[in-house]
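First subunit A sits with subunit B, and in the next complex the same chain sits with subunit C.
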Partner chain A sequence: MHFIQALVNGILFGTTYGIAAIGLSLIFGTMRIIFLAQGTFIVFFAYVVYFLFTLLGIDPYIALVIVIPIALLLGWLMYYSIFKEAAALEDRNISLLLAVGLMYLVENIMLVAWTADPRSIVTPYTGLVFRPFEIVIPFTKLIALIIALVSTAGVYFFLKKTLIGTAVRAASEDMVSTTLMGINPNFVNAVAFAIGIGLAGISGVAFASIFPFDPGYGFTFAIKALIALALGGIGNVAGALLGGILLGVIESLASFYVGGGWADAISYGVFILVLSLRPQGITGKALKKA
Partner chain B sequence: MANQLLEIKDLDVYYGDVQILRSVSMHVEEGTIVAIVGANGAGKTTLLKTISGLIKSRQGEILLAGEPLHTLGPKGIVDKGVIQVPEGRRLFSSLTIYENLRLGAYIPRSRPLFNQSLEKVFTLFPILKDRQNQKAGSLSGGEQQMLAIARAVMAQPRLLMLDEPSLGLSPILVRTIFQLITTLNEHKTTILLVEQNIHQTLKIAHHAFVLRIGRIVMDGTGSELLANDNIWKDYIGARQVKG
Partner chain C sequence: MKYGICSRVFAYIKDKRHANVTVTALVVFVLAIIPLFMNVERSYWIYFLFLFFINIVIAQGWNFVAGYAGQISLGQNAFFGLGAYTTALIWIHDITKTGYYFDPVVMLLSGLVPAILAIIIGIPLLSRLRGDYFSFGTLGVGQILIVVFIKLRHITGGADGIHVPSEVYSSMAPYYYTGLLLALFATGLVYFLIRSKIGLALRAVREDEMSAASHGVFVLQYKVLAFAIGAFLAGMAGSLYGIYIFHINPDSVLNMNWLFYPILICVLGGTGTIIGPVIGALFFTALFSLGDQYFSIYHPIISGVLIILVMKFMPSGIIGLRDRFSRQK
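Here is the complex of A and B:
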C-alpha cells in the first residue's frame, strides 16, 4: 500500500516536471540551448499567481486565464529583445550564457522585491483530499496532473496539426532548410520561446497551488526539468512528460524507502546513469553519432 | 537580350578573406533551363547560396526581373519565388511526405494554391501520393530527391534552382531526374541547374555557363558546349564517360 501511495505521489508531482521539460525541449529544438532560466520563470509565475490571489483574491486556477497570455507574450518579447542577435551566431554558448545571466537577473530581482521568505497559497481547497481505495490524492495535485495532461495534449496538437507547429518541428531538424522554405528563423524561435515560457506560466500555477516557494528554487527546478528531459529523450513531447513522471516516481520512492535527504542525490544519480548508458533517453530513438 | 528572369552582374563573393566568386556575370532567360557546370570547388554551390541569400555578396548585383534580390534576406528571396533545392536534399526526415510538401508551400504567394500544387505534384510524382503519410526519412535516395524537388515545386517557383540533383543516384534514377527536369521546364518552370553530370546536363540545357575557380570562363548553348572539346580538357578535367 505504501508503495502504491509513493507511486501515486510521484506520478502526481512528476507531471509538473514534465511540462517544464516540454518547455525546455521546445526551446532546445530550435535554439539548441538548454534554457536554464526555465525554472526561475516558473517561480516568477508562481509569484504572479500568489499576488493575484493575495492582493486581488483571484483563484489560482482562474489565474491561468491571465497567466497564460502574459507568459506567451513575455516569451515572444524576450526572444526578440534578448536572444535574437545571439541566436543568429553559430556559437550556441552565447545564447546559453544569456539564459544563465537571465536566470540570475530574474532571481535576484525577485529576491530584492519579494525577499527570500517562502510563500504559499492557502485556498479553501488546499487541504482537500480524495481517498479512493485508501490512497491519498490531494485535490491540488490532481488538478496539477490534469493541467499537465491538457497542456501536453495542447502542445502535441499544435506541433502536429498546425502549419506553424510543423514549421517549428522542421526548424528543430534543419534550420537552414527551414529558411529555404521561406520561414523566418526568428519567427520559429520566438514561437518556441513563447510556448516554452507559456508552459512555465502553467507550471507556475500548478506549483504555487501545491508547494511553498522562494526565488532560489528556480535553478533546482530547471535542473529537475533537465533530468526529466534527459530521461524522456530530447525532441519528444510525450517523452518529456513521461520523463517528468518517471523522475517524480524515482524521487517519491527514494524519499519513502531511503529517506527524504536522499531523493535528490538518487535522482541525479539516475540522470548520470541514463545519460551514460542510454544517451538518447529512455523513450528516445537512437541519436546520430558524431 | 530577351526577357531575362535572372541577371547577375559582376558578383564577388568571399568566405572570410578567401574569394570564391570573381566578377561572375550571367543570366537566365524566362522559361529556359540554364546550367552551371564546372569541376568540384569551382564555386557552383556558392553561387546558388548567394542567389538564395544564404551567403552575402561583397560586390555586384543579382536582379530578378529587373528587381534587386541581393538586398533581400533569404526569406525575402524565397518570398519572391526563387526556390532552391539544396545539395544533399535536406528533407525534414522526421516529418511526413505530406508535411514536407506543406512546408514547401509555406510562402504567401504559394500558400493559397496549396491544393492545386499538391495535385500537380502528385501527378508528376505518383509515388509520393501513395506514401504521403510516411516519414520522409523512410524513402530511398531517389525518392528523397524527388520529394526534395516536389517540395520546391509546391512553392510555385518563378526560378527553380537545383544543386546537384543527380548526386549519389544510380544511372537509371539519374535519367529519371533529368527527364523530370525537362518535364518541369515544359510546364513553364524556369530552371537553374548546377551539376557535375555534365554530359546529361548539357543535353537538356538551353544555355550553360562554365565556372572555373570562381570565374565564368565560357558560355553557350548546351549543344555548342557539348560539341566543344576544349571545355572538357581545359576547364572541367577528364572527359566524362557518356552518362
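Here is the complex of A and C:
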C-alpha cells in the first residue's frame, strides 16, 4: 500500500515537472539553449498567483485566466527585447548566459521585494483529500495533474495542427532550411519563448497551490525540469510530460525507501545514467546516425 | 661589454615581438610589489586582488575545457568544492602529516582529487555524449556532491561543513602571493599547453571531431585530459579559497556561483584566448566585489542587469571589442 501511495504521489507531483520540461523542450528546440531561468519564472508566477489571491482574493485556479496571457506576452517581449540578437549567433553560450543573467535578476528582485520568507496559499480546499481505495489523493494535486494533462494536450495540438506550430517543429529540426522556406526565425523563436513562459505560468499556478515557495527555489526547479526533459527525450512533448512523471516517481520512491535527503542525488544519478546510456531519452526513438 | 646584460635586456624589450612578455613581466612585477606600499592587513585592495587571482584560476580552468577543447563543462562548482573539501579533510584528519596551512602538498592533492574525479566521470560522459548533452551531464555532478557531503555527516560535517583551525591566520600576505602564483601558474599552464602538441590536438577536436579522429588524434583521451586539467585548476583555487574562509560547507564552496562565475568571466573577457579570462576576471571582480560593497542587497540585481547588457551588446567579450576597433581602422 505504501508503495502505491508513493507511486501516486510521484505521478501527481511529477506532472508539474512535466509542464516545466515541455517549456524547456520548446525553447531548446528552436534556440538550442537550456533556458535556466525557467524555474525562476515558475516561482515568479507562483508569487503573482499568491498576490492575486491574498490581495485581490482571486482563486488560484481562476487566476490562470489572468496568468496565462501575461506569461505568453512576457515570453514574447522577453525574446524580442533580450534574446533576439544572441539567437542569431553561432556561440550558444551567449544565450545561455543571458538566461543566467535573467535568472539572477528576477530571483534577486523577488528576494529584495518579497523577502526570502516562504509563502503558501491556503484556500478552503487546500486540505481537501480524496481516499479512493485508501490511497490519499489531495484535491490540489489532482487539479495539478489535470492542468498538466490539458496543457500538454494543448501544446501537442498546437504543434501538430496549426501552421505556426508546424513552423516551430520545422525550426526545431533544421533552422537553416526553415529560414530558407521563408519562415522568420525570430518569429518561431518568439513563439517558443512565449509558450515556454506561458507553461511556466501554468506550473507556477499548480506549484503555488500545492507547496510553499521562496525565491531561491527557482534554480532547483529548472534543473528538475531539465532532468525530466532528459528522461523523456528532447523534442518530444508527451515524452517531456512522461519524463516529469518518471522523475516524480523516482524522487517519491527514493525518499520513501532510502530517505528524503538522498532523493536528489538518486534522481541526478539516474539523469547521468540515462544521458550516457540512452541520450534520446526513455521514450525517444534511437537517433539516426548523422 | 660593460653593459652586457642591461643592453641585452633593453634590446629584448625594444623588440616588438617581445611586447607580450615585457607587459606580462611588468604587470607581475607591479602586482608583486603592491603589498609593499599598502597596509596588507587592512587594505581592501589586497582582498580585491586576492579574489581577482582566484577568479583568474577558475576562469583559466574553464577556458581550457570550453575555449580550447570545445566542451562546455557545467560541473566546475563540483571540482572547486571538492578541492576545498580535500584540503579541509586532509587537514582535520591529519592525513599527510605536513603543515596543511599553505602546504603545497595539500594544495597539489586538492587539485589532483578533482582531476581524478573528472577522469572517472569524464570517460563515460565524454565517450558517449556530445555538445549540450555533455553539459547537462556535468551539471548533475555538483548536485550529487552536495547531497553526498551533506549526507556523510560523520566525515564531512553535513550541512554545517568543516571548520579548519583559524588560529593559524596571521597575515593576508601569504594569501595574496599564493593567489598571484596560482594565477600565474594557471595562465602559464594554459599558455604552454595550447602551444604544445596537446593544444594542437585539442583545437583539432574542437573544430571537427570526425576529421581529428581520422587524422589519428585520440579524441576521447584529449577531451578527458582537458576536462581533468580544468578540474585540477578549479580544485587548486578551491583549496586556496577554503583556507581563506576556514569554514568549508556545501553552501560556500559547492554553490552554483562557482559554476557560473568562470563562464561569465571567460565570456566577458573572451573565451579561447589567454588574456581574455585575465581581463574578464578583473572586470568581473570589480563588478561583483565593488557592487557588493557599495550596493549591498541590490548588487545581485545590478549584476544581473550587467550580465544581460554585456551579453547583448558585446557578445564576443572585451577582447572582441578590441578586434572590432582594430578592424574599423
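Keep this in mind: the second predicted complex is superposed on the first by the 286 of 290 C-alpha atoms of A that agree within 3 Å, B and C clash if a C-alpha of one lies under 4 Å from a C-alpha of the other, contacts with A are read in each partner's own complex, and residues count from 1 in each chain.
Heads up, the rule we're going with is that a contact is a pair of C-beta atoms (placed from the backbone, for glycine too) under 8 Å apart; a residue touches a chain by one contact, two chains touch by 3 or more.
This one's a predicted model, so the numbers in the text were calculated from it and none came from an experiment.
> Is A:I109 touching the first partner subunit B, the second partner subunit C, both, or neither of them?
A:I109 sits against subunit C, while subunit B stays out of touch.
> Applying the document's definition of touch, where does A:G269 land relative to subunit B and subunit C: first, second, both, or neither?
second
> On the A-aligned overlay, A:I34 touches which partner chain: subunit B = first, subunit C = second, or both, or neither?
Second partner only.
> Now for A:R169: first (subunit B), second (subunit C), both, or neither, which partner does it touch?
In the superposed model, A:R169 contacts subunit B only, not subunit C.
> May I ask you to name which of subunit B and subunit C touches more residues of subunit A?
Comparing touch counts on subunit A for subunit B and subunit C gives C.
> Quick check for you: in the superposed arrangement, does A:M181 touch first (subunit B), second (subunit C), both or neither?
So A:M181 only meets subunit B here.
> Within the complex, which stretch of subunit A touches subunit B?
163, 166-167, 169-170, 173-174, 176-184
> Which residues of subunit A touch subunit C in the complex?
28, 32, 34, 82, 85-86, 89, 91-94, 96-98, 100-109, 111-112, 219, 223, 226-227, 230, 261-262, 264-265, 268-269, 271-272, 275-277, 279
> Within the complex, which stretch of subunit B touches subunit A?
Those residues of subunit B that touch subunit A are 52, 54, 74-75, 78-79, 83-84, 86, 90-95, 99, 102-104, 106-107, 151, 155.
> Given the complex with subunit A, which residues does subunit C contribute to the contact?
So the residues of subunit C in touch with subunit A come to 66, 72, 121, 124-125, 128-129, 132-133, 135-137, 139-141, 143-144, 146-148, 150-151, 256, 260, 263-264, 267, 271, 297-298, 300-301, 303-308, 311-312, 315-316.
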